[in-house]
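Chain nomenclature is as follows: A, B, C, D and E, assigned in order of appearance, with residue numbering initiated at 1 for each chain independently.
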Amino acid sequence: MLDHILSILIFFPALAAMFGFMIQKDSIRAYGVAVATIEFVLSLWLWFAFDSNVSGMQFMEQLPLIPAFGINYILGVDGISLFIIILSAFFTMIGIASLTDTKNVKNMIVTLLFLQMTMVGVFAALDAIVFYIFWELSLVPMLYIIGAWGGPLRVYASVKFFLYTFAGSLVMLVGMLFMAYFYYQATGMWSFAILDWYRLILPETFQLWLFAAFFIGFAIKVPMFPFHTWLPYAHGQAPTIGSVILAAILLKMGTYAFIRFSLPMFPDASVFFMFPIAIIAIIMIIYTAMVAYAQEDVKQVVAYSSVSHMGVIIIGTFALNVEGISGSIFLMIAHGVVSGALFLLVGVIYDRRHTKMMSEFGGLAHVMPRYATIFGLMLMASVGMPLTINFVGEFLSLLGFYQQSHILTLLAGIAIVVGAIYMLAAYKKMFFGEVTNEKNSNLPDVNKRELLALIPLSIITIWLGVYPKPVLEPINNSVESIVQLMHDKSITQEAKSRIPNLVKGVEISRTTAGEAH
Amino acid sequence: MEIGLNHYLVLSTILFAIGLVGVMRRKNLLLLFFATEILLNSVNIAFAAISHYYGDLTGQMFAFFVIAIAASEVAVGLGLLIVWHKRHGKIDLDQMSTMKG
Amino acid sequence: MEIYLYLALFSPLAGSLFAALFGASPRTKIAGIVPSFLLFVSFVSSTVLLTHILSGGDIVQVEMMTWMATGDLYIPFGFVVDQVSVTMMMVVTVVSTVVHIYSIGYMDHDKGFNRFFSYLSAFVFSMMVLVMSDNFAGLFIGWEGVGLCSWLLIGFWYHKESATWAANEAFIMNRIADLGMLIGIFLVYWNTGTLQYAEAFAAMGDLDTEILTWMGIFLFIGAMGKSAQFPLHTWLADAMEGPTPVSALIHAATMVTAGVYLVVRANPLYDLIPHVGLFIASLGAFVALFAASMALVNRDMKRIIAYSTLSQLGYMFVAAGLGAYWVALFHLMAHAFFKALLFLGAGNVMHAMHDELDPFKMGGLKKAMKWTFIMMTLASVALAGIYPFAGFFSKDLILEVAMIEHHYIIYSVLLFTAGLTAFYSFRLVALIFHGEERYKLFGVHPHEAYKFMLIAMSPLLILAIIAGSFKMTYFEMVTAVLPATEYHVHSAVTYWIMTIGTQVFVILAIAFAYKKYANSSVQVPDGTSVMENRFCYKVLSNQYYIPYFFEEYLVKPYRELSTVFWKQVDLKVVDATVDGIAKAIYGTGEKTRGMQSGNLSTMLKWMVAGTVALLSLAVVFGLAVRYSGEIKTILSGLGVQ
Amino acid sequence: MFEAIAFYLFAFLTISMFYITVTTSQALYALTALAAGMIFISAFFFILGADFLGAIQIVVYSGAVMALYAFGMMFFDTTRDVKEKSGNKYIVSGLSILAAILVVVIFAAPMVSTNITANYPIVEGIGNTQEVGMVLFTKYLIPFEVAAVMLLVAMIAGIVLAGKKMDLSLTLMSGEEIQHAMEEQNKKVLV
Amino acid sequence: MLEPVNVSMESLNLMTLAPMLIPIIGALLIIVIDIIKGGLDKTLYVGLSLLFLLMDFGSLLEASGVFAQSGTVMGVFDVMLIDGLAILSQFIIVGASMLFIPLALTHNRFHEFSYPEFFALFLFMISGFQFMVATDNLILIFVGLETASLALYTLIAMHNRDKSFEAAVKYFTMGALAAGFYSFGSMVFYALTGSVEINQMATVLAANNYADIGYVLVGVVFMLASFGFKLSLVPFHTWAPDVYEGASAAMAGFMSIVPKIAAFIVVMRLFEFLIHSGVVWLEIILYIFVIVTMTAANIWALVQTDVKRMLAYSSVSHAGFVMAAILIGTTQANSALFLYWALFTFTNLGSFSMLWISRQKHLPAHQASDHSYDKFAGMIQTAPIAAVIMALFMLSLAGIPPFALFWGKLYMISSAVTGGYTVLALIMALNSAIAGYYYLKLIIYMFMKEPVVGNDGHVYVANSTLALKSIIGFAAVGTIFALVAVNPLLEFITSFVYNSGY
């Protein structure tokens, strides 16, 4: 069973979803929770069985799919993908568990289970086409969730989300086909296996073009400035559960793909584009943070804050050293937890008041102290308070990038300032002051079902903030192998010097830092 | 002066163009079908001419089949027109635009 | 010894969590008593550690567990109790224990009693982490932790707009500085490969001065935020919106001194870059004067004390910047005691006056509040630096340092500031306790604070009086890790002239303050007096218009720019481009769908048109091929290759 | 010389006939002109030695097709003036003239006719019909048979479309109406 | 006198005729049965047609076995040409027809199916298409094409309502014009080469070294115009939306597949050699055609309000997409064409069948046309399974993996990449994104809108019978599990295409 655990993780929820059609409406929630819990337990088992000292892929599965065209069903996890898989299982579980009563609950739960399949699939896939399949497929359930359960602009938002991402990923697909073609030219064999592609050393110009093609697909997904405008709509209109999963998992696909595809496949291009991308990331960080500050709708604040945080993740990724990449992966998980929790929290108040406008609130701390506390905790995590989960990621990401550029890191570091500005302003508007709106004066505090989701998230937020080692260690091992691969593969002098060589030890990286200064 | 293949080809082209004028200009479907006959016939001249100048029978064969095709087209075309006429009492194609966009 | 270390460190956390358990329940005394007791435990443990260190014991260093480890980066939760940190621990635990006990009384009637203790103990924990950490990352944890607690406590009365505003201001300003600190930490890491103090400092000797300079600057930027140095000082005065015990603990005794602590802790670094040190000292001197000047005219009791704190922090930075780290630390300690005392006294007054803050509306309170009067007067005396109180030993030492290091400008500034300090301190005392009982106009019936609150304050009083006598013991202790420069004015005559001169100057200032404010002619100013309309007064009472400047030129533009970014850029440019593409495509469809008119004639025309278009292309191409030679000639004639 | 005269004569005639066909507003004129044009075309066939084709042209076109059209015309009652809303004449004439000119420009050029081998050469002294028959029933047997199928298709199509059964549209009738109509039909059959 | 001709039966290879003769025999049989005893139920004719198509399929299997063994076979005086292309395309033609025929068994009665002639004509049409693809003789192509087309016009008109007559007349008239173009084009090629057989034309042109490029281009222009009509390339596509709308949905689905694959084969035979001989102009023109057809049709599809018309434009766009294979002209591209079309068959027939199954006799007041988008609003609530299946087809058409058409798109774009057409590949990809919108629109209506009051979902299965359901089920299964079939399909196709020399 352990040999096929990844397949099981992928297809179990889908299968369960099919059976879900037959379940009575009354018991569908219990069914959903049960399935998601089993899935989560399986994912924990995966973690348990995972050997964190091995840097390469584990639990590999291979099955020919279209061997004539080099497409195979290849799965595997390493430290990079492991935790995102667990996170997606976790979020589906608490998402279903804390689902509020909506119309068509059955459809919702079935959709969520399908979505889970695609999420796990994306992170477990080691074949570009299999990856692409899940990548695209993940759009469909999300489209439905936003479009069917969303706010007044839901159709616009869902279509925008879908088409934007779809367009981007098609460009990426062309890139993949080119990559496969180059592989074919080099070896005479068609292959879409990522691990095969890793071995391919491309001339720099090819790298640049391919990097750009992949970049468009990933950047829209992340979303990077200026491709981010679908996100506020999607979040603003999506139901709580949609926003949670979108922010926690789906956005991570983009950044994950950068690490899985762009960096190891195009090390020279990565170095070439490092500064432009860093500048985009900085724009994301500062600009979207400012936009977030101007928002009137609390959900939009969180939505834009996601973009801002994704900027930090990108910065970390393009630090191209172990610290930065590990940090960015950790931050992916951290941001997943925190923004997921924040969206859940916004959902809590939305369920009670059916509005998300901050001007409608004020003084909620009087009425809903527990809610205010948990919100406060997540707020602090979001602004990167040490000993919360976000800090570890942010710190490492920025630390990593500092090796590449000082001034850009300084600019990127503004994240911690502007992040605090919009978050505190929003918190102040909602929770502080007197209760001005009559409708707010008798709101019930968070109930048990909501706590069911929020308490575990709070615990994770603190736990991984204080003791990130169990997660960071496997990540670190896998990242080291990727960085080494990049170093070995790179052809330009620039890239060789920018990407540290881990084999020779730390000396080289230090001198480069000294020179760069 | 010698009449060469080119003469026939040009003649064929001119007739073909006349056919095109008819096809584009005619609004009465019956008269439009006349124009399509012209198109096919003009080509037949060229086929016969080429066949003659190359001393090859294939051209004549082609023309032969074109005639057959033209004839069957007439049958089907008239059938369609009859049905339409029964319903509407007219065969003006301007009134035939319920579907558009 | 490690057990004491852990006890000292984690007792406050336990207290905080304990109080947090009662967070949602109504006020119970136990939520105050247990944390106070636990803090006392922490205090005792710190004392044990102090005695251990004093008795020549080894430095206690523990590594609790790994925090972050990736790549070459390795950050543990490591704690160290050495001479410096133990001093800080003592200061922190003493003051916080006092403040906790005091708060039981002070917050007696507050709804958020339990919550308050939770926050307060959490603060102490963060502060302990800050001072005890053995690496920069741990320092940063504490650094941010105290910031968070400060935010929570300033905004404790969150229904007050001003309080929450001040809380956010404090947090954000600190964040700006923290960014500098973070960059400093990155610099340390990438240049030394570690964040452990010991190893990092050891490695710094081999580094470029330029890098070190940057390191020093960035770390100091962090310190500037926490210690509210110009231009990041505005939050401190606004932070007085918090409950008074908070001001005493956080914004006088402990947190604001973290910046000084950082510079002291990083002394091996700053020793290597004296020019940065000089900058720090100059800034400190400037802030000392600058803050004191604002305190002169202020009409808010707590703000006056806050400015005085700011001013004293300036002193400390002068000392630290000039390399007299132990002096800075000493002043830090002494200051903590008397300033906390002063704040707590102010708290008593506030309670008595029903949260009135304007000293002009008080007067003659010495009858009603005898003990408070005594304590505040003594604290002010200590602050003014009158022999033999604590302030004398620490502050005069700083003047001497400036003198000895030949920084006469700094010296003169500091000397002048000392006079100002005396003046505004006693202006306050005079306005509150002497003169007419103006409060009667406002129908207030002041009363003395609870006995146990006064008793709780007494250790501070005692320390404020006698702290100076620890000087030699302290010196011997801390010089084990800090540069042991002794500052003696070489000529005894000069020394005496200086000392006595300073004393006289200060006493004169006090006398002047008494003369001006302790008489019965003092009225509640109504904005009409000549003085109030003077330019200087306006500048000072508006804090040099700096908050105004911040509001007008930073906050407002930021807000407006944000709105512009959202409404104009994000929606009208970025998003509109995307939608524009979509709309353009859709619009093209709408416009051209007329091509499909449904008319057969049109369709046939399209077919023919298509064919003709193809034909023309074919002919063009055919001709081009046929005449390609000629075309090439023509093109080359035109210069087209 | 005779050939040239004949060519130009018949060219002129066909062009004018067809021109009348496409421009006249009298359907009858159009039909007549078309028939005449067809016959003149057969003249070209005879000139070019494709006797069989010429005969077919006259028989099929003038005989069968024209007769069909004539019947159609009577049926549609288009003997009167045909009123046609003419669209933009410039487009029509412009496109056609352009097409003609473009093709003529190319066709005016002589062709390189090397490498051309006659696959089914015209042998002197044998009747055209014989030759045609020979090729038609060997090489083009299959197309010939398929043409037969095509004519069958056309026949069926004509019968079906013009048939009475098309008058009632089952597509537009609801289930009950169809039921009803069927019963009516059965009655008729019985009667 | 002519000498007598001796022809041995072996040299005729009469077996090559078998696949075409079977449907002709079937058609004749149906007519004969109808003459002997009229008024028989349509199920009989459906069964018979299916039977003969099955036999046809069987004979194709036989032929493919022969091809696999001995390569291309010429037959009957070298008129018949049974190569890989012919076999593959016939597989698609016959396969799609087999999927189509059961659609006659609707719950409601429609006019055309009450005629036995319908089935006869249908079978004649199939044989016409088969002749068209199984030869390289322009004459036989023409005759086959016309046989099929004339039957098709009639089949459309037999639906017997105003729109279908209008559609048939439009189709017919434009078809007549296209026939004129075809004959003119053939004439030019004949004038150039003295032959009407494509391989000989290629030989002669190559021997002349394309000296008469002007003539060649004129011929190509007219051929393009005529096949542009058949393949509905912009601007020759104008019939497509109207005819699809006027014809019954089932017939529309059929039309979007079978005539086009037949035309593709001819185009492939005709243009491939031209492109490979470096007729740059053709390359450019095809490039333009591909892009304009894909893009313009997509853009028009965006603004449609009727699903069937939308699907019509989408079919146009797909044709443009596949036309890229002709342009690229590598073995991979040509294989991609077949793969794409085989997968497209399932998906498109499936989606048109979904429309067919929901066809009402009389439109309610709120519905503007047979299959307006409004009709499908809130379908998920009233007919969830149908909605899911429909969505599936839409997703497949949009190229969402892992559904059928994705693999076609993937392979097609890959062939563009491999062939060096980078920009084309990108444009193809981006067009898929534009296309996503209109497919999505239907999904949005089905899943995210509230149903019209009084719609109990019955309308979506108004025409439902077991036969229709099984066809849809079959198509759905094919669409979902295409993944499994792609590999064998691809290997099969590639070997056939490669061995045919394309």
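Just so we're on the same page, a contact is a pair of C-beta atoms (placed from the backbone, for glycine too) under 8 Å apart; a residue touches a chain by one contact, two chains touch by 3 or more.
What you see is a predicted model, and the numbers here were worked out from it, not measured in a lab.
Touch-path distance (fewest steps) from chain A to chain B is 2. When every chain is represented by the mean of its C-alpha atoms, the one lying closest to the mean of all protein C-alpha atoms is A.
Averaging Cα atoms per chain gives one point for each, and the point farthest from that of chain A is the centre of D.
Across the assembly, the chain pair joined by the most C-beta contact pairs is B-D. Seen from the C-alpha centroid of chain B, the farthest chain centroid is that of C. Rounded to whole angstrom units, the spacing between the C-alpha centres of chain B and chain D is 6.
Separating the CA-averaged centres of chain A and chain D is a span of 69 Å. Centre to centre, using the average C-alpha position, chain D and chain E are separated by 27 Å.
Centre to centre, using the average C-alpha position, chain A and chain E are separated by 44 Å. Touching two or more other chains at once are residues 582, 593, 596, 598, 600-602, 604-605, 608-609, 611, 615, 618-619, 622 of chain C. Residue positions of chain D touching 2 or more other chains, listed in rising order: 91-92, 95-96, 99, 103, 106-107, 109, 111, 113, 116, 118-119, 131, 139-140, 143, 147, 150, 153-154, 157, 159-161, 166. Across the assembly, chain B contributes residues 5, 9, 16, 19-20, 23-24, 26-27, 33, 54, 56, 58, 61, 65, 68-69, 72-73, 76, 79-81, 83, 93-94, 96-101 that each touch 2 or more other chains. Contact between chains, as defined at the top, is found for A-C, A-E, B-C, B-D, B-E, C-D, C-E, D-E.
Interface of chain A with chain C (complex): residues 160, 163-164, 225-226, 228-230, 287, 290-291, 293-295, 321-323, 326-327, 363, 365-366, 369-370, 373, 380, 383, 385-387, 391-392, 395-396, 398-400, 402-403, 406, 409-410, 413-414, 416-417, 420-421, 424-425, 428, 431-434, 466-469, 472-473, 475-476, 479-480, 506, 509-510, 513-514, 517. Listing the residues of chain E that touch chain D in their complex gives 1-2, 5, 7, 17, 24, 31, 76-80, 108-112, 114-115, 117, 120-121, 124-125, 127-128, 131, 137, 139-140, 143-144, 146-147, 150-151, 153-154, 157-161, 164, 191-195, 200, 204, 207-208, 211-212, 214-215, 217-218, 361-362.
The touching residues of chain C, counted against chain E in their complex, run 582, 585-586, 588-590, 592-593, 595-596, 598, 600, 602-604, 606-611, 614-615, 617-619, 621-623, 625-626. Within the complex formed with chain E, the chain A residues making contact are 64-69, 104, 107, 129, 132-133, 136-137, 139-140, 143-144, 147-148, 154-155, 158-159, 162-163, 166-167, 170-171, 173-174, 177-178, 180-181, 184.
Contact residues of chain B toward chain E in the complex are 5, 9, 12, 16, 19, 23, 29, 32-33, 36, 39-40, 42-43, 46-47, 50, 54, 56, 58-59, 61-62, 65-66, 68-69, 72-73, 76-77, 79-81, 83-84, 87, 93, 96-101.
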